[in-house]
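Chain naming follows the written order as A, B, C, D, E and F, and within any one chain the residues start at number 1.
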Amino acid sequence: MSTREDGRADDELRPIRITRNWLDHPAGSVLVEFGRTRVLCAASASEGVPRWRKGSGLGWVTAEYAMLPAATNTRSDRESVKGRIGGRTHEISRLIGRSLRAVIDYKALGENTIQLDCDVLQADGGTRTAAITGAYVALADACAKLNVPAALTGSVAAVSVGIIDGVPRLDLPYVEDVRAETDMNVVMTGDGKYVEVQGTAEGVAFDRAELDALLSLAEKGCADLTRLQQEALVRA
Amino acid sequence: MSTREDGRADDELRPIRITRNWLDHPAGSVLVEFGRTRVLCAASASEGVPRWRKGSGLGWVTAEYAMLPAATNTRSDRESVKGRIGGRTHEISRLIGRSLRAVIDYKALGENTIQLDCDVLQADGGTRTAAITGAYVALADACAKLNVPAALTGSVAAVSVGIIDGVPRLDLPYVEDVRAETDMNVVMTGDGKYVEVQGTAEGVAFDRAELDALLSLAEKGCADLTRLQQEALVRA
Amino acid sequence: MSTREDGRADDELRPIRITRNWLDHPAGSVLVEFGRTRVLCAASASEGVPRWRKGSGLGWVTAEYAMLPAATNTRSDRESVKGRIGGRTHEISRLIGRSLRAVIDYKALGENTIQLDCDVLQADGGTRTAAITGAYVALADACAKLNVPAALTGSVAAVSVGIIDGVPRLDLPYVEDVRAETDMNVVMTGDGKYVEVQGTAEGVAFDRAELDALLSLAEKGCADLTRLQQEALVRA
Amino acid sequence: MSTREDGRADDELRPIRITRNWLDHPAGSVLVEFGRTRVLCAASASEGVPRWRKGSGLGWVTAEYAMLPAATNTRSDRESVKGRIGGRTHEISRLIGRSLRAVIDYKALGENTIQLDCDVLQADGGTRTAAITGAYVALADACAKLNVPAALTGSVAAVSVGIIDGVPRLDLPYVEDVRAETDMNVVMTGDGKYVEVQGTAEGVAFDRAELDALLSLAEKGCADLTRLQQEALVRA
Amino acid sequence: MSTREDGRADDELRPIRITRNWLDHPAGSVLVEFGRTRVLCAASASEGVPRWRKGSGLGWVTAEYAMLPAATNTRSDRESVKGRIGGRTHEISRLIGRSLRAVIDYKALGENTIQLDCDVLQADGGTRTAAITGAYVALADACAKLNVPAALTGSVAAVSVGIIDGVPRLDLPYVEDVRAETDMNVVMTGDGKYVEVQGTAEGVAFDRAELDALLSLAEKGCADLTRLQQEALVRA
Amino acid sequence: MSTREDGRADDELRPIRITRNWLDHPAGSVLVEFGRTRVLCAASASEGVPRWRKGSGLGWVTAEYAMLPAATNTRSDRESVKGRIGGRTHEISRLIGRSLRAVIDYKALGENTIQLDCDVLQADGGTRTAAITGAYVALADACAKLNVPAALTGSVAAVSVGIIDGVPRLDLPYVEDVRAETDMNVVMTGDGKYVEVQGTAEGVAFDRAELDALLSLAEKGCADLTRLQQEALVRA
């Protein structure tokens, strides 16, 4: 019997919604929802690559993550107004970029750049994993639109897991996230391999058995998300 | 017979949609749509006022406007990444703030601050006028939630007008905006008075008669928007 | 009988002084004075245009406005020290640029850039309108010096108007500006057409009749300024 | 038989040197060397804590990581000159801070702050793991000097592991790091628990077996480093 | 017989003009001219001192130097637009501040701050020495206005000297400055003592005899400037 | 009989240590120590010159100075974190660059750039003079490595001198520096000529006799340092 506030089983995802083509301008765009977490993912394509890559025949994929000021419980200041990007933002932008690049064949993409913008409209935990999961779908749409489907070598999804009161749980909302003793974000390919594992002890260090349990839970969650991504991509 | 690309009469607004409570966290929030222009307006309330106003017994209302990178035809760089806010962004943020403050009774608000965030999710002309129109509704919801309905002394709405091929037109989408000889943004109260008039000759200076025609057209548009705002606010 | 502190009629300008060639280096330079408001306007010419305009055969005119720290009643901090330019500065710089570009024939200018710098040495209200009025004269001198008089298609001048205690008044000094219920800046060409109209309600919204009265007053003021500009330009 | 360029066994650390009290001013300071990687770690103590923590009776530990321009193969620009801190720097600073905080008892520390500065004098792979390993020793010295030995609840060390040509290896120098298919940084306590696990696929996603092998290798490396830290701390 | 382009003797200053009360707002203000070099010096007084000096009973004097964009031969970019202050500006601001503080009795000034702003309106060599010379007069006026004449313990003036074609010369204009083999700025008190000596070899190192000749020349120039400052201060 | 805290004669340098090749990557690198002051000087060579010098056939030498946060008595904040470089840092970087350029033959260097990085690891007075003295040795090594020994036209060294309790002293440590009435930094070539003289009265202006005494003392110190540099450069 679950003791989670929202009634979910410990290994159950929140309700996931993937809405494609939410915007008119970019090559791909997705509004992805993990429960109340809502992230707008846009994949903008442009010809050419950054200077350091010119003439290589290879493409490039990069990502930027940001949060609207009113996305959080208490309003947070704009990074544009502060004049500098915080460490957390940098860290997540880099994570999203690396994760998506793991399933890109640069050669098949050709000298084109796809810029992923993941803007959190509403935050309730798991924004980075929702962003990666949604960005993959936007990226797939962009590759299709660019007529380079072979540029995608696989799919990628991400989920958070954590230990709350000694129990491993999948896909943490904010209320669970702040109470977690250990917090892990796992990015996996559609065929069950790891792209990123980022586990952090919050307060108490964790042992190998706990680590193993979290990895298994994440595998389950990523498999579920992979299925939901595929379903979204076959919808008209 | 209209010659507008989208079939509208010259004095007709685009389809307007005002969706209240689009976000869970802020005191008021509205997704406002003027055709394909889509702006998310959040009104976040907090106790206290800026330092220069402390102890005055008066409240404060301020606004920030921004655009998501993928909102425009061609992706635009983030101001947080550039490390500085552009002149256009500053200008529009200030306009929105002044417009909303025109209908605020600071004393009734008490020493509270309402921060309006207007984030353009998709841009197709008229983003600043949509932002003002939507922000008013979010502000009204915030005042209700704060239990200070008397802090609102009236309503405010805004619309763009312009002269295209010699013909004055209401509520310009992007394709008309770039062709306009003269471009004007008008902010009016619900009882038909002016809060802001900003007219700019694009290329050719305009005469008093043209100015008068544009003002009349804007009056009509703002009256229509005022009605739509009131309708939205009475919906459950 | 006037009730203005400085004894002027309601439709009378402050004493205006336009001193050409105040600097040795730039192609044109003017010290313009509207009463105690003193703005140094320099027009620096350089070959070439910004990157986005290269090869077009067209010139460019742009402007920057700034205020010396000791120009105001109470010293204000330098924007260079703060590391960022404020919204007001951005807004006025953009206004000056647009206003001057309204009388420029880019083709006749050729691929040259004229940079207008308007630095307020002393502020007593109306700094932006003095800047535009003076910058036009500096621009005219620069076009003459560059030997492209045809690049100027007309003249441009600007004045502030406002309603104080219900009475419309021309060319507001600081003491009137802070008391104005409505404040409007109007930029007009020498042949009496509008380039910019920026009216703002300070506290109380204004009606169409008030707007009309202000526009008429501004027309009178701009005509006077146009005459003074022409007189200055024919002086040796 | 090892095939590593420097002749090490796959599970062998580079020569490690921990030189305490390298600086005269800070409460603790360590020059730590992992082979040619050389990081200067300083622990500066100050009374008081950041504003958000005042009056809590709890202390604070934070970290900053940076690299000298000439530390790398090719000189890299200073972040102070660029005017902004890069994402990588932010990310590593945050990692070091979290890692050290994992062994701190804030209550025992009292309302004091210890600031760890980890400056890379020379980089040859593994700078962040060397920084954590050295910073722990500097922190221990600082706690002793502050007379709050109980503020330390354990020790912490870190090491990098990676898969090169299919073989898991410990403590990668730069030449191995750039060739690694998978790269993982692991931070562990002295009693063998995990504080941070950060694994990244470089090009090819990795499977659970590979992940397990890397974790075991890291456990061995961290145990070795823990022993070397203890030896350094007992030296006069 | 002089061979200087402007006909001056080698030990002769350019025409010096010191115009007091050039501005209405600050406590003291001077337009100082060394030939075509024109610097506006303002001394703004305010109650209180910087945080680190509060409660000491001592005052503070500080300075900022800047150049208008059109002050130089070729327009230079604004530091506010570039978002950072250059090294040269910093260096000169610090020099002016130190120089003026050399003649201030902080105790007599009381807990007041005088901020000196030296803005170069036109540059033709020697802007920093003109700034110091003019700032002293503005400072004297400010002390008088604040009714703390005893805060001034003496006067201070500055001049540039240099060796051109082997000949030591006083008060270099731009054309001489760029050709100087050695360039020295000297700040002296009214009673002939040194406050600052800054000599720089441009290309060729200089010997002790040359250094001595330059110091003697500077003494003569500073004595002349001291006399001109006193004359200016006794004018009504 | 000396009264200096560290027992030195008034005209005696602190123990000087010059350790070459302290780093593996840059063309030249030196750890220079003046007593407890410790500066790491790196000379990084790269092909090409800044844009404004391209095609001239001439090389370029430039310098950056910085201080580690824990180098000082009380930890100082990082300039990268503050987002701006302070005036003192700018000033010293410029001084080091000018000093080293005084002994460079740009033509012999060819279109190459040598970037000097002087990072203060520990500060105890005289960091800028130690930096110049060490940077020269690193530069010499870099020129040798680049195979352009003729690019060096001489040597350069620097020392601080000051008057403490009326007595001129050489090479001031921090405790003397803060008490000095007058403080001077002198940069000289190996053949006894002046490159830079920067003297500052701290509190009390100084007379010509004092200035002369300080210059003589500096000559002695620079001669000693020149000898130590040469000795270091002949060591294997």
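Everything that follows uses one rule, which is that a residue touches a chain if its C-beta (ideal position, glycine included) is under 8 Å from a C-beta of that chain, and two chains touch if they have at least 3 such contacts.
Chain identities (UniProt): A, B, C, D, E, F = Ribonuclease PH.
Predicted model only: the values in this text are computed from it and were never measured.
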item	value
Contacts common to chain A and chain F (chain labels)	D
Identity of the chain that, by mean CA position, is farthest from chain E	A
Centroid comparison with chain F (C-alpha atoms), farthest chain	B
Angle of rotation relating chain B to chain C [CA atoms, steps of 5 degrees]	180
Same-site or different-site touching of chain C by its copy chain E, using the half cut	same
Inter-chain centre distance, chain B versus chain F - centres from mean C-alpha coordinates, in Å	59
Centre-of-Cα separation between chain F and chain C, whole angstrom	51
Centroid spacing, where centroids are CA-atom means, of chain D and chain F in whole angstrom	33
Two or more partner chains touched - positions in chain A	83-85
Topology of the chain contact graph, where touching chains are joined (line, ring, star, complete, other)	ring
Sequence of chains encountered when the ring is traversed from chain D in the direction of chain F	D, F, E, C, B, A
Chain E residues within the chain C interface of the complex	23-26, 29, 36, 40, 42, 44, 46, 64, 66, 68-75, 78-81, 83-85, 89, 115, 117, 119, 121-122, 124
In the complex with chain E, residue positions of chain F that touch it	84-88, 90-91, 93-94, 98, 102, 184, 188-189, 192-201, 203, 205-208, 211, 215, 219
